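The following blocks contain the structures, represented as structure tokens.
Two complexes are shown next, each including chain A; its partner changes from chain B in the first to chain C in the second.
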Partner chain A sequence: MSVDKVSDAISSPDESQPFAELGLKKDEYESIRGILGRRPTSSELAMYSVMWSEHCSYKSSKVHLRQFGTKVPKNNSMLVGIGENAGVVDIGQGWAVTFKVESHNHPSYVEPYQGAATGIGGIVRDIISMGARPVAVMDPLRFGDPENPDTRRVLTGIVSGIGGYGNCLGLPNIGGEIVFDPSYQGNPLVNALCVGTMKHEDIHLAKATGIGNAVILYGARTGGDGIGGVSVLASETFDADGPAKRPSVQVGDPFMEKLLIECTLEVLHGGLVEGIQDLGGAGISCATSELASNGEGGMHVWLDRVLLRDSTLSPEEILMSESQERMCAVVEPAKIDAFMAVCKKWDVEAVVIGEVNNSGRLTVESHGEQIVDVPPRSVAHDGPVYERPYARPDWMDVRQASGPENLVRPSSAAQVKQTWLTMTGTPNLASKSWVTSQYDRYVMGNTILAQPEDSGMIRVDEKTGLGVAVSTDCNARFAALDPYKGAQLALAESYRNVAVTGAKPLAVTNCLNFGSPEDPAVMWQFEQAVTGLADACLEMGTPVTGGNVSFYNQTGEVAIHPTPVIGVLGVIQNVERRTPMAWGLDGEFVYVLGTTRDELAGSEWAHAIHNHLGGLPPVLDLNAEMTLAEILVAGSREGFFSAAHDVSEGGIAQTTAEMAMRSGIGVRLDVPAGLDAFTFLWSESATRAVVVVPQNQNDAFLTLCQSKSFPVTKIGSVDSSIKSIELTGVFGETISLAIDELRVISEETLPRLFG
Partner chain B sequence: MAIVVVDVALKPEILDPQGRAIVSALGRVGLSGVADVRQGKQFVLTIDGEIDDAKLAQINEIASTLLSNPVIEDFTVQVRR
Partner chain C sequence: MTPRVGVITFPGSLDDKDAARAVRIAGADSVALWHADADLHSVDAVVLPGGFSYGDYLRCGAIAKFAPVMEKLVDAANGGLPILGICNGFQVLTESHLLPGALTRNDHLHFICRDQKLRIENNTSAWTSDFNVGDEILIPLKNGEGGYVADEKTLDELEGEGRVIARYLEINPNGSRRDIAGITNSRGNVVGIMPHPEHAVETLTGPTTDGLGFFSSLLKSLVNDGKVSA
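Our next item is the complex of A and B:
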């Protein structure tokens, strides 16, 4: 086996290299030659190709993402912002929380179980590398047509993978989303969010400081998984009978990840670590170049010291391997023994693979031969930046002009009732418990709220009751109708879902899932969504703490709906004051907060009943959204609400049906004056919530709404003598929906499709 | 009647957590000298009549679509005489 050394690169400058097969453009390859002043070695080429990929370099999105750094709202709770492994937010009492969402879309389509499982593993390592203990995960998922047989393969694999990995790891899965739309048929979205908690003094950053400090690789051994693309190099440098095509999928081991969590937290809390970085995409290449360029600027690595699972791996493959459950730490020489002792205690293998220096170079040797000599910044941070062309596509005019006005609406009481029953069982609105019951939601004993509640809520401090609530949301149909507004509506919904539970929204993370950035129409959607989100975050005072961009989500030439999934984190001073979604006692009043308009474009009704997508999404007033949140948070604190639930997909019909199914207690409702029954039930106007108010809190609640000049409409009251929803004012009649019937319809859909 | 044996195992590059667990268990029970373990599964198919090329092709189809996950696993088919 011959290794391509730096000296070879100098002596054979004209050797042709497979840069195109590695995904590099001709000018990118020339620019690498310019940086190095020679041709790259095959190891260097491998490093640049993977670090300059869209996934690692954000080369198409960078110019737009800068807005999250320039439009920063005044917010004193940000401790660590964008750019680190995950943002960190102060939640008071000396506690900090870190949270982040990432995509694992493409691996999950190829191999659903392992793709989804390693998605959890990756985001959990991001959280532990900040010094935090992971306390919960959530999974926003998008699938294709539920009736398509391939959806069954993808969904069941992904759900088992999430459950298998997360449950073994012992982390509660407290929420997320499951949405079906044909645009995701050949490209499901698997986004994974993790929340971690820590004391302020435990925050750690990814940088290699301290000349002479050791670089330690610990965790699982490095194998040949997840390096599909780099096989091009392997097949060149290997002998003819060597392994040909490596699989591009990785297999995770949650029990190793659990050891890695405990081991990492112990070395961090023991003060044994100067800098730390998880190994995800691009493996050792990414970890060493990022640590070096964020620290003293130089590092030397002995690649042959890396512990291998497969001794036939070439140096290029070792550099690229995406083997799971590995971490990299920078440790002072005097503390190496103590570090190794902790690793031994947790049965985690560790080895010193490098040393920090101030050479300004990242140098790698393998068996005494120099194979890499590069400026680390040029690999990690100074990758190409593209100003991709973007343009509003002409078809947007057609799409926005064909609104839902002409769709046939139910025109009698019987039709309204039938529509309600049908809508309750559509895959998007039906109960998701068949999926979420496969996840452990209560392990660790701090889960306060989990699916199907509006947000997941976790207790952070058992003594004081301090807690955090997290929600993720995105109605991609709204984003397809108007990406700027759609991203803002996603933020608003997530913000509202956090506030509904009584938590004050503090910070934002995002996972921006789009089609190909080389398509100007997709790039326009992206630019619009990022701008919309940045503008709204500035106005609402919730900074973006970090996130992830996933491009090239398409089936053939057809891009997915733009899907900017927005996660919002809020803080609640005492989780005992949370507001649940199930109403409780007889005679409590049911109110709608907010204004219901005739807004059906992009709604679940238009989608499910008419397969229609057109028009303009609901109007959004960010100030009103903030006022609503203030009322919801204050009402929770003051004890005004026995229940509250957000109004979004499926309108008030869905909101009240979910509340009734959750509690099992009946309710008498009345279509308010000025609204027809259909609009009242299925409009998806933004900035609304249904709240349930005990009679003795009624005056105080109405005074609060009045003081904020916020519209509130009484729509009925809880009646424990009935087991149904009774709605009067439906074309002059009263309709009755038995809760048991609704529940059967709601709960049978997913098992019928996938069970 | 003929017996056909299909062996399925993770591709060599793929991590095998169960195999790793067996290796460490061997150490704990004091059995040394085993450097690595890869765990797989075996399917024994009883086939009507004699095996011909068409039946073998069908068994390969079964192995690659149902018995194994070709993304991460390899399989072998052997006719037991």
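Our next item is the complex of A and C:
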């Protein structure tokens, strides 16, 4: 086997190279030749091809994502911004929080278990590489038609993978989403969010500083998994009897990841590390080029020192391997022994593979032969940038014009009751406990709230009760009707879900899942969604701290609904003041905060009952959303609420049913004046929450609403003598829904489909 | 003197910090013990926490049994030291033959995390003396391999000697024989339980504080045995 050396590249400038098979365009290949002043070696070509991929370089999205950096709200809580492994936010008392959501969509469709498992592994390493201890995970998931047999394969595999990896890692799974829509049939979405906490002084960055410092690769050995496109290159350079195609989905080992977490935190807290980077997409290529590019600018790597799982790997494959559970640290020579001792304590293998220098070049040698000599910035940061064409598609007019006005609505008390029972059991509204009970939500002992509560809440400091709440949301049907508004509505819902639990919204992360950027209609959706999100974040004062873009969620010509999943992080000074969703005591008053309008476009009712998607999404007033949050947070702090719950998919019917099922105590409700029962129950107007107020707090609560000029409507009171929801004013009649019956309907759907 | 309770951390232990917190809330000092350190550091009792020791890629607990600290622990157990194995800790105790039987894959084949009702069946062990027989408690359960199995003779012996310390109520969440959630050895100092009392020690983070009873039982029995002063 001959290795393609730098000297070979100089002496054979005209040798043809498989750049197209590696996914590089002709002009991209030419620009690499321009940067190097010669043809790249096969190793260099491999590095550029993965680092300049859409996944690593954000080449199609960069021009739009810049808005998150230019439309930055005044908010002095940002400690580390976009561009690092994850953003870091100050939550007070010397504590900082880092959180980020990433996609693992494509691998999870090919191999659901490992795809979902390694998605968690990757996001967790992003968090520990900032110096934080991971404290919770969440999984926003999207699946196709629940009745399609392939959905069963995908869902059960993904859920097992999340549980199998996450449970073994010892991180509580505190929330997320499970949404079904046929648009995800060939492109399920597996997004994974991780939250980490640290003291300010423990923040670390991915920088290779200090000339002469060692670059240490530690964790799992490097194997042939996750090489993907590079197998093309391998087939060009290997002899006929060499290894064949490598699997392109990585395989996870959560036990090794757990050791890696403990080992990494110990070396960081021991002051043994100057810079640190996880190995994810593009493996050693990414870690070394990014570390060098962020630091002194030069690094030399001895590739043959890398510990291998498979001795037959070529240098190109070693550079590209996406084997999981690996990290790269920059360590002063005097601290190498101490670093190695910590690794040994945790049974983690480690080896010095390189050295920081001031050459301005990333150079790699293998068995004494120079195989890479590149400017690291050109690999890591100065990739191609595309201004892809985008245009509002004509079919948007048709879609927005065909609203839900003509859909048949229930027109009697009996029909309203039947609709309520049916809606309670739709796959999107039904209880998700069959899934979430497969995840450990208790480990670490700091989980204050977990699904099905509005947000997941974690206690950060046991002494002071300081905590954080996180929610992820996106109604993609709204984004399909209007991507600009849809992204803002997703932010508003996530923001509200955090506030409902009593936490003050502070910062935003996102996972932007879209179809092919080469389709101008998709690119328009993306541009609209990013602009909508950036505008809303600016107005609401919540900066975007980082995120992830996933394109090409498309089968043939059919793209998924634009799905900008928005995660909001909030802070609560004392978790004892959190507001749960279950009402508690007899006689408490039930209120709706906000205005209910006739807004059914994109609603779960239109989707589930009529399979309809058309019209314009609900109107959104960001200022009102912020006022609502102020009331929810103040009310929690002052003890005005025994319970609160956001109104979103499924409307007030779903909100009150969930509260009743969670508490087991009955409620008497009345359709308010000026609204018909149907609109009251199933409209999905934004900026609303149901709150439950003890009678002795009633006056103070109403005074608060009045001082903010925020609309509030009393809809009933809790009645512990009944085990049902009694609703009067339904076409002149009273309907009664037994909580036990609702619960049976809600809980049987997922086991019936997937159990 | 405040009792000192050791919590062993194996590679892959996950609920070790939770167990230590429960020990502290109950009023004892927690002492971190390390799998590779063959020394119990003169603790008054030991908790084997939940998790996936060594990844549990072989039978759960099968590798942990060979950890250097375990040799000392087995000797100490035979000498009467109070030992509580929770979940993976229970699995380690059966693999080490300090308790009979084995824990197998849940009968429904899924990992399950739920708030589980139990009935206390024995209040004479070192870890259950602060309960009354017949007490119903609610504590978290979370396992993938929690189905307790043993041969009929062993099960009859456990029942006959009153060594079943707790049974699942309402739902048997994992297919355990005779709804067994936890057992003790004949001396009553070694207890294994599949659900997690250490996750039910604070109202903020657990469904109840019923789990505290296991730790207050320990403190009570240490006092009674004259190991520590009241």
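Before moving on, here are some points about what is shown:
The working rule: the second predicted complex is superposed on the first by the 755 of 755 C-alpha atoms of A that agree within 3 Å, B and C clash if a C-alpha of one lies under 4 Å from a C-alpha of the other, contacts with A are read in each partner's own complex, and residues count from 1 in each chain.
Keep this in mind: contacts are C-beta pairs under 8 Å (C-beta built on N, C-alpha and C of every residue); 3 or more make two chains touch, one makes a residue touch a chain.
Note that the coordinates shown come from a computational prediction; the quantities given were computed from them, not determined experimentally.
In the model built by aligning both structures on chain A, chain B fits alongside chain C without clashing.
Contacts of A:Asp253 after superposition on the shared chain: both chain B and chain C are touched.
Looking at the shared chain after the overlay, A:Arg496 reaches neither chain B nor chain C. In the superposition on chain A, contact of A:Arg309 is made with chain B only, not with chain C.
In the superposition on chain A, contact is made by A:Val443 with chain C only, not with chain B. Chain A is touched at more residues by one of its partners, and among chain B and chain C that partner is C.
Vertex at the C-alpha centre of chain A, arms toward the centres of chain B and chain C: the angle is 60 degrees, rounded to a multiple of 10.
Of the two partner chains placed by superposition, A:His612 touches none, neither chain B nor chain C. Shared-chain residue A:Gly223: touches chain B; no touch with chain C. When the two complexes are overlaid on their common chain A, residue A:Ser323 makes contact with chain B while staying clear of chain C. Judged by the touch definition given at the top, the superposed model places A:Arg668 against neither chain B nor chain C.
Between chain B and chain C in the chain A overlay, the least Cα distance found is 5 Å. Shared contact residues of chain A, touching chain B in one structure and chain C in the other: 253, 255-256, 347.
Taken in their complex, chain C has these residues touching chain A: 11-12, 14-15, 17-18, 21, 36, 50-52, 54-57, 110-114, 140, 142, 144, 196, 198-199, 202, 204-206.
Of all residues in chain B, only 10-17, 20-21, 24, 69, 71-72 touch chain A in the complex they form. On the chain A side of its complex with chain B, the touching residues are 110-111, 114, 220, 223-225, 243, 246-247, 249-253, 255-256, 309-310, 323-324, 347.
Of all residues in chain A, those touching chain C in their complex are 163-164, 167-170, 253-256, 258-259, 345-347, 436-448, 459, 462, 575-576.
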